[in-house]
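Each in structure tokens, the structures are laid out below.
You will see chain A twice below: alongside chain B first, and alongside chain C after that.
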Partner chain A sequence: MDENKIFKKNQDVVTRKIAGEVILLPIYRTSKDMSYIYSLNKTAAAAWELIDGKNTLGKIRDKLTQAYDAGKGKIAKQLDELINDLKLIKAIS
Partner chain B sequence: MKMDNFVTQMREEVILDIAGVCVKIRSDSGIELESGAGYSNFIRLRCPKKTDIDLTLKVNNSYTKYSSEIIFQTEKDIPSESIGRNQEEKDAYFGRGVDWRISRAGSKILLESAYGNFQVFLDKDFKKGFAYIIKSSGRVNVSEIIYGFLQILLMCYLAKHRLGVIVHSAAVKDGGKGYLFSGPSGAGKSTTGRIWYGHGGCGILNDDRVILRREGGRFYIYSTPWHGDFSDYFSSYTARVNLSSIFFIYHRKKNSAFKLDSRKGFGLLFQSAFVPFWDRDCLGYIAEFISRVAFSVPLYKFGFKNDKNVIAYVRDLV
Partner chain C sequence: MAIKTIGSKKSNKFFKAMLARSREQKNPLNVTFEITRRCNFYCPYCYRVGGFRPRQELNIKEITAILRQMADAGVLCVAFTGGEPFAREDIFDILECANRCGFKFNLMTNGYFIDENAADRLKDVNINKVDISFNFLSPAAFDKFSGVKGSFVKVKNAIEILSKKNIPVALKATGMTLNKNELVALSRYARNLRVPFYLDAEVSVCHSGCGDFSRKHSLDNAEVSFLMKAVYPEMFRPGAAVMRIKSRARSGRMFSCAAGRDMFSVNPYGEMNFCVQIDYPRYNILAEGGIKSCWERIKNEINRLNTTKDYICVNCDIIKYCTHCCPGRAFAETGSFNSCSEYLRNMALERKREKEIPRDQ
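== the complex of A and B ==
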């Protein structure tokens, strides 16, 4: 994980909170692009909140480690996986 | 007020009431209506309250290219410069396989179709519009509007004004209860309509597309003119029913249903909704609306056998 890397949310993704989960709804321009809506669990939702174009990944990792009382290494690994998933669905850049 | 037994007419103005949305359509060259058509249930002499959508029609004999920015389209991108009416020329104008698209044309929204042959200019709130029907003769049949672009227009109008959503579902009224039977094509919606049709005390709202709305704190299912493979039920019209349960259906050798968690149900119901995916506000509104529905009524995953025993099974379940 590149600790200094900063990501921002893609404006073509709509976010809504449904029953404690954050749902990501991509905006589509053509029907051939239409695929899924995405659901983030509590931890992923907390990370999503922190992706604001200002926080580095290192800062996000540290804040989550504090908030969830989990090992730094474990949080870093999960954050890495989440970032990869969000990049794949073009929710962040 | 419902029209009774009229023959084919030509009128300068047609009024439709679909799920409480009143659409007024005017044309100087006249609009044809056919007697006995399923859409007759939705024709009114006047708007019950006020006109919600006001459309003026004209007939054009060819597509006109307008300077516009495509917001959303089904299938392909960038059309060529050719204009015409036969399939090859339509493919050339829209691009092969394009069904319809929405564009920004100045201060208007432009809704166009290669398949249904129309170009409709709409105000951004979808309340007023000017529709060009592309055809060689001067007469327009109201079915060309209803089954052409009206569903897309109504989808946008409902979302824009936060009035509800069109869903890909069959719907049944059983006594005072309303059941939604939702699923993709081939899941059994029309089959469900056929099974329940004519069964004592039951009414079919539609076998393919219904509208969900929230009124007075309750959710209602409304009938629409957009039927699937089965439409006999239009002869005994059921306008609306209170939503009691939702079934996500599929064919099975034996009836089997289990209750779904509302979060999972939200995902399935959202998939069945007709959503303006290109509009941020509308997309967010639909998600919120669907979540309210999913958390308000029992949801079931339902594998059903194609016979009348399914009726007793559902009644025992709910």
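== the complex of A and C ==
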């Protein structure tokens, strides 16, 4: 993980908090015949909130480690996977 | 997995779970937004023909404000309807705003104005589904009913354009004496196109009248039974899941539907109602505290009605033959929720004569 890397949210992906769940809705069609929506689990939702074009990945990792009282290594791995998934669905750049 | 992708296969389970949570938290999830009462058709079962008086409708700024408040309140699904939504010149501005607010939204339309260009624009705004009213397969009957010459060809083209462009479309028909001989053929047309077909077997009495049309052209119980079996044969095969409908008396609540639980409607004047069929209680969203405040009042009003003493259905002698769980019909006919709908009573009496106990018993 590049600790100094900074990501920002894609403006074409809308964040909604509905009935306690954080979901991402792209405003563009995600496939030929329908539009997917993406549901984030608790950790992913917390990380998503911290991706703001200012926080480095290192800072995000540290904040999550503090918030979830989990090992730095474990959080870093999960964060890495999440970033890859978010890039795949074009939610961040 | 930190991120779950919700596509068509998983979406039913996802939305069901979301609905259950919304109901638990008493938050609105679904809204029907009637954005205009103007229309280019003159269908005789509609309020436009039944003595409708036009009023000043919401402008785009007001609609945008309401949509943003809805998003803030946790609404996810919006159905835009009318009148005819395309009668508004700013329809695409409205849909674009809905898209940017993060709604999953459908459009209910007569389809007349949907050509290649409009279909492309609907795709651009990420429309979830287009529902088209399609009551006749015979061009002459269709044009006569709509009151617009050439409307059948335009609407049929719209259906085919939307299908070709992979925009989900569904056809909706109202069962009446005027089209009862075409409904099975209509359902087959939809199946051949691989689009859903929804048959509403009841000619509703809308909020400004048209009770006469309903009285003259509603199907009787035998006709409804026959048509349902012919249009949806898979629902009546042995072993098919039975749709359970709670009768009002057994549920103990006047309102056992989604109104005030996870759903409300908005009319073209910015008034919040129980649902689009009932123009009540008409809380003015922008003038009376906003969506959240009006939603609290809607819930309180539903709760108040649900504790009505001497609730008419409880001691009804033919309740076991009555399938309907919506007091909106009675309200539209008589102006009172705690009354009996003449139409529903007649249908129940027919079932009693035929000794046909509804499938939910």
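Here is the rule we go by: the second predicted complex is superposed on the first by the 87 of 93 C-alpha atoms of A that agree within 3 Å, B and C clash if a C-alpha of one lies under 4 Å from a C-alpha of the other, contacts with A are read in each partner's own complex, and residues count from 1 in each chain.
One rule holds for everything that comes next: a residue touches a chain if its C-beta (ideal position, glycine included) is under 8 Å from a C-beta of that chain, and two chains touch if they have at least 3 such contacts.
Note that the coordinates shown come from a computational prediction; the quantities given were computed from them, not determined experimentally.
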Which partner does A:D85 contact after superposing on A: first (chain B), second (chain C), both, neither?
-> second
Between chain B (first) and chain C (second), which, if any, makes contact with A:A70: first, second, both or neither?
-> neither
Greater chain A contact set [chain C / chain B] = C
Return first, second, both or neither, reflecting whether A:M1 touches chain B, chain C, both chains, or no partner chain.
-> neither
Tell me which partner A:N41 touches in the superposition: chain B (first), chain C (second), both or neither.
-> second
Share the list of chain A residues that count as touching for chain B in one structure and for chain C in the other.
-> 14, 16, 18-19, 21, 23, 25, 27-29, 31-32, 34, 37, 39
Spell out the residues on chain C that touch chain A in their complex, using ranges where they run on.
-> 1-8, 14, 18, 21-22, 25, 27, 29, 71, 74, 76, 99-104, 123, 126, 128, 166, 168
Taking the complex as given, what residues does chain B use to touch chain A?
-> 70-77, 99, 262-263, 266-267, 270, 277-280, 283-284, 287-288, 291, 295
Interfacial residue positions of chain A with respect to chain B in the complex = 14, 16, 18-19, 21, 23, 25, 27-32, 34, 37, 39
Over in the complex, which chain A residues touch chain C? Could you list them?
-> 14-21, 23-29, 31-41, 43-44, 47, 78, 81-82, 85-86, 89
